[in-house]
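Next come the structures, one after another.
One chain, chain A, links the two complexes that follow: it is found with chain B in the first and with chain C in the second.
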Partner chain A sequence: MNWTPDDTWIALTGALCAMACSLPGCFLVLRKMSMMGDAISHAVLPGLAIAFLVTGERASLPMFLGAAATGVLTAVFTQWITRFGNIDQGAAMGIVFTTLFALGLILIVQAADHVDLDPGCVLYGAIEFITFDTVSLGSTEIPRAALVNGGALLLNLTVIATLYKELRISSFDSGLADTLGFSSGLLHYLLMTLVAVTTVAAFESVGSIIVIAMMIVPPAAALLLTRRLLPMLLLSSAIAGASAVLGHWAALIVPPLIGFERTNTSGMIAFTAGLLFTLAWIFSPTEGLLRRRADALSSADGTT
Partner chain B sequence: MVHEHPPDCPLSVHDLTVAYQRKPVIWDVDLNIPEGKLVGIVGPNGAGKSTLLKACLDLIPKTSGWVHIYGQPYRANRHLVGYVPQRESVDWDFPVNALDVVAMGTYRRLGWFRPVGKAQKAIALEALEKVGIAHLAGRQISQLSGGQQQRVFLARALAQDAKVYFMDEPFAAVDAATEQAIVVLLQELRDSGRTCLVVHHDLATVAQYFDWLIFLNLRVVASGPTREVFTDENLRKTYGGKLSLLDHAAEAIRRS
Partner chain C sequence: MPTPHEILSTVLLQSYNTRVVVLGTAMLGLASGITGAFLLLRKRSLMGDALSHATFPGIGIAFALMVSAGGSGKDLPGLLTGATISGVLGVLCMLAIRNTTRLRDDVAMGFALSVFFGTGAAVYAMVQTKPGAAGLESFIYGKAASMVFSDVVMISTVGITVTATALLLLKEFTVLCFDENFAASTGWPVLRLDILLLVLVTAVTVTGLQAVGLILIIAFLIIPPTAARFWTNSLRRMLVLSGGIGAISGWLGASVSALFANLPAGALIVLTAASIFLFSMLFGTARGVVLKLLDQARLQRRIGRQHLLRAAYEILETMNQPVSNQPIPRQRLLEHRSWSNPELSRLLTQARNEDHIEPGSNPAQIHLSESGFGEASRITRNHRLWELYLITHADIAPSHVDRDADLVEHILGAEMVRALEAELKPRPVIPNSPHQIPSPS
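Up next, the complex of A and B:
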């Protein structure tokens, strides 16, 4: 294996992105709306396309705003359809994001004559190529993707740290939160905004598969390992970061072992997260498969 | 029907109607509740008891009517109100411990952005002591029994230090010891001038626990001091033909 400085940047960017996703992801999982990350990551597509069609260029800021806006709209539409259509939230989410995603595809095909907005790239990203697009900070060249995902992580950290108790109470008991004057609707849309912004930040550089995986898998694994919210957030970030670093490393060393040249880093990162979840599921000291088996055996011994 | 609403009333409800999918759930509810009473809200399943509480607390939209707390619209006097939702309304696997949940009662006074500190934890611990489970403060909430979970909810209400409490079935599926503990707690709250509105299901104990009753079945069938309104006729009007229930209640009337 030949680990270059570029590989360090790729692993670091992956880790920043994964951690940025896992933080709001914890609250999505706790609110039983895990698939919102999936929905929003698909639904930002028409936002990207419309921003491009309106401005006619691939400038980052309008694209970013357009995508973040459609991301939040996904949450709004889902809420409306759930309430007024008398349809459960999962189905409403499915209606909204598939429709928006399809609209995005149609628009992108229209725009594709003029520009290289590649739907494939949108799905699994191009994390291997991030070092071709760098920004100079002093004497060092930093990949733009590292800055963008680092920015998303910083934003999520700041918001969750300042509104920790508000997010906790509105996730646990939205009725009480409302009667205490902490609008659960406002906090819901704030969380959705974080999800949308994080998704869009991750999107361009590393693709949506990491987003979807990192918003659900590390939080779910963390929930198997702890029963407190703060440790859950920390563990979930650690698992997300580890998935990214191990995932990129595995993408470099595993394919040669079985005779292939290379594989997709984004896919490997998401797959590694799945492996880490499996480990947590088997070995968790409280909830794990082994522990449960041992408990069942010892209680069987006790009764006989 | 009352249509005058004295301003010092802890709770006045005027012509309140709530509809869901165009079907009314409660219809033209008009109430004045005096201060310092333990108020039982009774009625059959689907009578709109929880809906009445939620509409009072602005948790669901009203079709018409208004709700005043101590003579002011609910939003203006929200700080005087405490809410104990149904136990099943929250996810008890949520990663918090008993103390965290009780400390939530102090959030209003704490306001936005300020984190929970030592003072809030002390209030929470004191409230847990009052409901007799201070030793379980560090326990993750899924590892509490049903009765203990209900006590956590009541401790949280105590930590809110409200003037008017809305409690949705605090007695549902709790053990006898917890039920007694809750009754004592409610009486203490009343004796210190608080008003508690409690959705209750057990007609056998309703007259014993509450000094004011609201009979609800879509409309208010009767509202008044228990001695005056806990009658065969009101029960029949509220519960219709559900005879087994009525026999149960008749027994209770005889005893009271």
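Up next, the complex of A and C:
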């Protein structure tokens, strides 16, 4: 294995992105909306297409704004359909994101006469190539993706630290939040905005696979290890960061072992997160499979 | 723009290509509409999403195995087997998480989706260096418009098998969907049924993936059943409707796509289904939004009228005994309940339109009409009867009974009132209020 400074940047950016995604992901998991990251990363397609059709170029900022706006709209439409149609949130989410994605496909086909805007490339930003797009900061060259994801992480940290109490109450008991006088609806949309901004920032720079996985898997693993919110947030960030670093490392060493040349870092990061989750699932001291087995055995002993 | 003749010949399936595409998508719409209905009722609509992503690693690994065995690697049955195995593994992983942790369905699905999808991406990147790997991804993003006859045969075979199995096990699946615990406690093999249902979904998903692509198959599993749910509360009718909506979306969407060169069929079918969904959500006869709003408005009007008339009667009671119909000062009505001024004006206008108030009288003096007075006595009587019932039979304190009675009295039917009369045999025709009525102070 040959670990270069580029690899350090890739692992660092991956870790920043993973932690940025896992923070709002904790709240999504608690609110039974874990599929939101997946939904948003599909649903932003029409936003990208419209931004492109309006401005006529593939500039970052209008694309980013278009995508983030559609991401928030996904959450809003999902909420409306859930409330007014009185149907399951998952179904509402599925309807909204497939419809928006279909709309985006049609728009992109119309735009494709002008430029190559490939849905595949929208969904697979590539973390391997971040070091080709750098920004000079003082004397060092920093990958733009590291700055973007670091910014998203900072934004998420700030908002969650400022509104920690409110977010906590409204996640566990939205009725109580309303009676205490802060609107759980408003907080919901704020959280959804965070999710949309983080998702778009991340998949535009490093690809959607990391986003979808990091919004669900580290929070789910953390939830198996603790029942308190603050430890859950910390643990899930730690698991997310560890998945990114270990994942990139695995992406370098695993393919030669089984006779291939290279693999995809994003995919390996998701895979590593899955492994870490499995460890928590088996060995969690409070509710892991082993613990459950031991409890079942000891209670069986107790009765005989 | 297509000519009317072209439109007609496309919609009536006169061209061979259109016939193949329309038949295939309609068949798939039918099969996924029916299986999707069970998923919706089990609140697992996104299962199609999770499953279709979970097939990724299987396809890559199947390709790699077939290449190293000396084959072409693009052998369709081989790839489908790989996809199915990995999809089923994804499902089992989901069920294991759900059944052995306290994480819920959505997390379990999200876990399988993202980890399998990520693993799939890693596997793809590895096998990409093998010869002939180009275009392997298009297997996942299939194009509805390039469907050929053999695809239709496969879709129809799978579709008919899945539909027949679902209908044969209709009773079992119904119990599973509506009350899993009941099913388990009466000895149904719940876990095996659950797995079987998910195997059916996997079959539909894998077939659909290859033929029409990822997004369309996800949409096909979710949108038709959800749309059907707005029209009926019966599972059988919902299954029929859901299958029908899926088939119609496939037919219409594929037809329109055949008419316009640069509109992709998959996207159009999704949009057609979404339009049907929107229409159903608004105008559905069982749970549609418009009907629900109308019902609510009607109930609000009735409650408003009953509150106004009862307030008038209670005021008349304090003005004279025995109660007779007299003009009531508007101010006293306003003070009697927590009405705002505009609210009371709206209620009075409504009562005037319903002929419960004498028309053209002095606006500061409300005079009930003959029918209004009769209605007011009847409503007050129902309210008091219900209060007495609650006091004697439900042990509710007289001081608290007013609010409780208020919740129910608006829906007391004639039969209920007769039963209350028989039960309580009130001596005066209108019993006195069991509690003190707050008087304006």
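As a working rule, the second predicted complex is superposed on the first by the 299 of 304 C-alpha atoms of A that agree within 3 Å, B and C clash if a C-alpha of one lies under 4 Å from a C-alpha of the other, contacts with A are read in each partner's own complex, and residues count from 1 in each chain.
Quick note on the criterion: a contact is a pair of C-beta atoms (placed from the backbone, for glycine too) under 8 Å apart; a residue touches a chain by one contact, two chains touch by 3 or more.
Just so it is clear, the model here is predicted, and its values are computed rather than measured.
Colleague: If chain A is used to align the two complexes, do chain B and chain C fit next to each other or clash?
Modeller: They clash: once the shared chain is superposed, the two partners overlap in space.
Colleague: Which partner does A:Met232 contact after superposing on A: first (chain B), second (chain C), both, neither?
Modeller: The first partner, chain B, only.
Colleague: Could you look at A:Pro256 and tell me whether it touches chain B, chain C, both or neither (first, second, both, neither)?
Modeller: neither
Colleague: Which partner chains sit in contact with A:Leu223 here, chain B, chain C, both or neither? Use first/second/both/neither.
Modeller: In the superposition, A:Leu223 contacts both chain B and chain C.
Colleague: With both complexes overlaid on chain A, does A:His42 touch chain B (first), chain C (second), both or neither?
Modeller: A:His42 contacts chain C only, not chain B.
Colleague: Contacts for A:Asn86 in the overlay, against chain B (first) and chain C (second): which applies, first, second, both or neither?
Modeller: In the superposition, A:Asn86 contacts both chain B and chain C.
Colleague: By residue count, which of the two partners contacts chain A more extensively, chain B or chain C?
Modeller: Counting residues of chain A touched by each partner, the higher count goes to C.
Colleague: Check the residue A:Leu103 against both partner chains and state whether it touches chain B (first), chain C (second), both, or neither.
Modeller: The answer is second: A:Leu103 touches chain C but not chain B.
Colleague: Considering only touches as defined above, state whether A:Pro285 meets chain B (first), chain C (second), both or neither.
Modeller: In the superposed model, A:Pro285 contacts neither chain B nor chain C.
Colleague: Mind working out whether A:Glu166 is in touch with chain B, chain C, both or neither, as first, second, both or neither?
Modeller: First partner only.
Colleague: Applying the document's definition of touch, where does A:Asp178 land relative to chain B and chain C: first, second, both, or neither?
Modeller: Touch status of A:Asp178: first partner only.
Colleague: Could you give the residue numbers on chain A that contact chain B in one complex and chain C in the other?
Modeller: 32, 86, 223
Colleague: In the complex of these two chains, what residues of chain B are touching chain A?
Modeller: 21, 54, 57-59, 78-79, 81-83, 85, 89-91, 94-97, 100-101, 104, 107-108, 110, 112-113, 115-116, 140, 142, 156, 160
Colleague: In their shared complex, at which residues does chain A touch chain B?
Modeller: 30, 32, 86, 162-166, 168-169, 171-173, 175-176, 178-182, 223, 226-229, 232
Colleague: Over in the complex, which chain C residues touch chain A? Could you list them?
Modeller: Going by the criterion above, the answer is residues 40, 43-46, 48-49, 97, 100-104, 106-107, 109-111, 113-115, 117-127, 129, 137, 141, 215-216, 218-219, 221-223, 225-226, 229-230, 262-264, 266-268, 270-271, 274, 277, 281, 287, 289.
Colleague: Can you list the chain A residues touching chain C in their complex?
Modeller: 29, 32-35, 37-38, 42, 81, 84-88, 90-95, 98-99, 101-103, 105-106, 109-110, 120, 124, 209, 212-213, 215-217, 220, 223-224, 251, 255, 258, 260-264, 266-271, 273-274, 277, 281, 287, 289, 292
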